[in-house]
Amino acid sequence: MTKLFATTALVATLALPAYAAQPAEGETLSDNQSLSFWILDAFKSLDPQLTSSRTDSDMIRQLFEGLMNEDATGAMIPGVAESYEMSDDGMTYTFKLRDSNWSNGDPVTANDFVYAWRRAVDPATASEYAWFMELMNIVSASEIVKGEAAPDTLGVTAVDDHTLEVKLTKPTPYFLKTLSHATTYPTPQKVIEAEGDAWTQPGKMVSNGAYKLESHDLGVEGVAVRNENYWNNDETIIDTVRFVTVNDQNIGLTRYLAGEIDWMNTLPAGRFPQLLEEYPDEAVSAPWSCSYAYLFNLSDKGPEALKDLRVRQALAYGIDRDIIVDRVLQGGQRPAYYWTHWATEGYEAPEIEMSEWTQAERIEKAKALLEEAGYGPDNPLSLSIQYNTSEDHRKLAIAVQQFWKAIGVNATLNNYEWKVHIDRLNNQDFEVARYAWCADYNEASSFLDYFRTGGYNQGKWSNAEYDQLLADAATAENPNDLYKQAEAILIQDMALAPTYHYAMAQMIKPDIRGVPLENVMSSWYAKDMYRVAE
Amino acid sequence: MFAYVMRRLAVAIPTLLLLIVFSFLLMHLAPGGPFSQERELPAQVLANLNEKYGLDQPLWRQIISYVWGIIAHFDFGPSFVYPDRTVNQLIAAGFPVTLTYGTLAFVAAVVTGVALGVVAAIWHNSWVDYLAVGISIGAQVLPNFVMAPILVLVFTLWYRMLPGGGWSFNDPSFWVMPVIALSTSYMASIARITRSSMLEVLGSNHIRTARAKGMPEHRVIIRHALKPAMLPVISYLGPVFVSMITGSVVIDIYFSTGGIGKAFVDSALNRDYAVMMGVTILVGALTILFNLVVDILYAWIDPKIRY
Amino acid sequence: MIIEQSKMQSLAARMSKDEVKGRSPWADARKRFFRNKAAMAGLIILILVGLFAIFGNSFAVWSNEELDFNVMGQVTTMGMPSLENGHYFGTDDLGRDLYSRTVQGTQISLMVGIVGAAIAVIVGTLYGATAGYFGGRTDQLMMRAVDILMSIPYMFVLILLLVMFGRSMSMLFLGIGLISWLDMSRIVRGQTLSLKNREFIEAARATGVPGWKIIIRHIVPNLLGVVAVYATLLVPLMILTESFISFLGLGVQEPLTSWGALISEGAGTINYGTLWQLAFPLFFFCITLFGFFFVGDGLRDALDPKER
């Protein structure tokens, strides 16, 4: 152990003041410090290592706290870790943990993190997010997930109660950014061993975040209340966070307008302009790090036509992104001509030819390309568009079908349930399919990794140069240059038809302060918010 | 009578078994499984999950151990999607809700429907009759997924009288809109049936005799006409009750009541095999039970029927 | 909406009696039917809706899938019903013409209703007649099966079928049709039992006519009235069921639509000032249900007159 420390030099230390809700001068706090947040579907699991859904994560982020948190702009700030050191080679991180407690009063120790992280990769836990530890490049993570090594070989050790050491297989520029993800949150070993799967039920759950679980009425609401044992409880203002399930977006909006919900962060498509006009101090749109695209199936099972670059280009040109963004979604989304979300930190997009043209030019070029490829009025190209059940996906698919009709492509629509959609994507049983990707951490690699050979990459596009650029970026001084080049290759070869970059069109009650609209990951912490008196 | 009830209950068991086997096979034939993920799970993880939920067993063994679990321990297994809940817990949480608003809606539909029908029949061909017929015809075809958003708009947004969703066993204001949305169209059907059967009974000989004897009209209706006029209504109660449970799909979606209707649709979409089976069996058992109750009621009212 | 089984039984009893008198019940019935104002109104409505479904498209300016880019994005103001731009019924949320979508939705809904009812009636009649005619063990077994099937929560099974096998027109027809033949089969069986000992049936049997031929030639025609009334009353039930399925998002594939799909889309947006999206499809939906309903009722009353 000492030997190890001798070889690691102190490279970076983080000792910023903790971030909390801080009312500005002249603001009086309201008597009502509760927050009702709309969710579309019931929580599936509130277990940090088992969850795979965004809705769950929003609640888990209130209940648990990881090594790092995000501030209002999305920058990483200390959570349970007070400071950290990185070794010269960038492959060992040592975190110094602050004195903090679980909601039952027990101290939070480095061992709680070791337990949780091993639990995440242990195949016996069967976590759907075990791969996240692989993404973090923690030593042995991949072997453990495959069942080739024991969970206790994971490269994470509790040096003492307040010191956690993490060993990586290679320098990972985005490593710190992964530490605010639910999968990395500590979990209470004693409680889990005593209660088993039921430990996340109200009354049984013990958590270390600013809030603790008060009740969870499946499909109705989940309520979190202040955790008196939270280390920064004194500076927390919001007392209660209610997550209200409303399965119908339009009814959700009605209930917001009736004052039953305080914050609705996904408005029904097309409603934002009208709401902005009527409620200018409540309607707001903020970029959100997700991108929407139509995937081409380039595998052996895919249609021959799509293997022709000209066809893929024509299809990508044919989509009128301005109409999708301005006339269908109307919530501050931006047309996408490349894959990585435009607001991703440090990302600079390559120049994309088609983004400069007018739609008329694109259509003209698309028609010419299709003709070159041997398709025309006598021999029209026929394709199927697959999408999963959702009002918005339905609208977009209908619009795209019409856009493609204008360049002489006959597309049929195939609507499937999410589970079936995913199954078909994974088995390459599709021709063109709608897909969207949300960043797991705020860096371009989170998007670009999707198209790596061996990545998710359900369309099975493969390019050696692209793979090499991504591999190089992992250790590069300035990876963003390489990301830019990789993105250029992706679009040159039109591996997908990028469609739009997400934004969250939302309604927030005007007395709520501290909503992190500048955080493109849209990770929010109720402990950083407060309500002012009107 | 007792023998008849026993015989019916005996039929119930193969019926439920058939339902179990049918739903079980249907689920396992379907594309997509409970563990289908965007990122495919590592083989080891998938194997563990399959083992945990018994999906690694051959289908016939899965069915047998499932049925055995129910018979021996009344255990419907763990949910595949909500890891911290068992199917028993999910049903224990959702079913009382569905049963509460379902029963209230049932009672509301029967009471108002019968009242409306009787009133219309008594004042046959008057404006009361036309009004009642008009209401019942209009309400009969209005789907509850149209009713529900209109109710929320009016009572929650415009008049701020009722909460737009959620559930509480202690606060009846949460019950009002689900009950109205669920009961209206059945109320209308019941009103129509009551009216026509009441008209028939009022025109019959034994009522004429009663009147001829100089019995006051209200006694004629209450003592002699109402009971026989109820027969067609009663035969309709079975299907109505089942529809109350089915209708909870719409109610749960619009009013976030957390009943078993939404739980069923979700479980089908998420391939949560265990929850889906549990709810199907529950609703199947209720259907059988209620049909039986209706038959017994029918026999009690109509002395001509012998079993 | 429901079908009153007791009235159907009384009708069936009468239909099988009339045969004995050797006089067709239809001539009298026709007279009575034409005198029934509600039934006639229903018939006229149905004819008009039928014409709308068949010829409506020739008046449409837009197709059912075209997006009107002038309207798209400002449906609340530009998408209103208007004669000028050819959107007689306004547009939906995407700027598609609601008139041609309603025409097309009418076609689908009527088709689902009629095919579904036809399947139910055919299966129910043949099943019931077979059970009643052969009697004994066969009858016992077949009617036990009906008892069992009666206790299955059909809406749940239908949802399962559509979720599991994906949405398709044929599954919809099949699923909807298969849920309503049970009551029909019971009534038909009952009447077959009383028919099969009549002289003309015995005569046919004596000359060696096979059982299935007797069922089709002699028993079914005697039940035609019940079949006709039942079918008419089943259509609105099928349409209602389809609308519920569409509400759950398990109905027909885009760009095709149905009343149920149009109504549930329209109901979702009632708060946004686009009421026409609900009003037009709902109007056609309601009047058609009334139509079938009045005609079915009228037909039954005409065939089975009771003193009132």
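Going by the order they are written in, the chains are A, B and C; count residues from 1 in each one.
Definition applied: a residue touches a chain if its C-beta (ideal position, glycine included) is under 8 Å from a C-beta of that chain, and two chains touch if they have at least 3 such contacts.
Quantities reported herein were computed from a predicted structural model and do not represent experimental measurements.
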| item | value |
| --- | --- |
| Most centrally placed chain - per-chain CA mean versus overall CA mean | B |
| Higher-contact pair (C-beta pairs counted), A-C versus B-C | B-C |
| Centre distance in Å when subunit A and subunit B are each reduced to the mean of their C-alpha atoms | 40 |
| Centroid distance [mean C-alpha coordinates] between subunit C and subunit A, Å | 48 |
| Distance between the centres, which are taken as Cα means, of subunit C and subunit B, whole angstrom | 23 |
| Interface hub residues of subunit A, defined as touching at least two other chains | 248, 250, 254, 417, 420 |
| Subunit C: positions in contact with at least two other chains | 163, 166, 268, 271 |
| For subunit B, residues contacting two or more additional chains | 31, 149, 153, 157, 269 |
| Sites on subunit A touched by subunit B in the complex | 41-42, 44-47, 50, 52, 123-124, 126-128, 130-131, 145-147, 197-201, 217-221, 244-248, 250-251, 254-255, 257-260, 417-420, 422-426, 456 |
| Subunit B residues within the subunit A interface of the complex | 31-33, 35-45, 47-49, 52, 78, 81-85, 90, 93-94, 149, 152-153, 156-157, 160, 163-167, 252-254, 256-258, 262-263, 266, 269-271 |
| Residue numbers on subunit A that touch subunit C, as the complex places them | 248, 250, 253-254, 268, 270-271, 274, 323, 326-328, 330, 389, 391, 394-395, 397-399, 401-402, 413-417, 420 |
| Partner subunit B, residues of subunit C touching it in the complex | 1-2, 4-7, 144, 147-148, 150-153, 155-157, 159-161, 163-166, 236, 240, 243-244, 247-248, 260, 263-264, 267-268, 270-271, 278, 282, 285-286, 289-290, 306-308 |
| Contact set on subunit C toward subunit A in their complex | 65-67, 69, 72-73, 75-76, 93-96, 163, 166-167, 249, 253-255, 268-269, 271-272 |
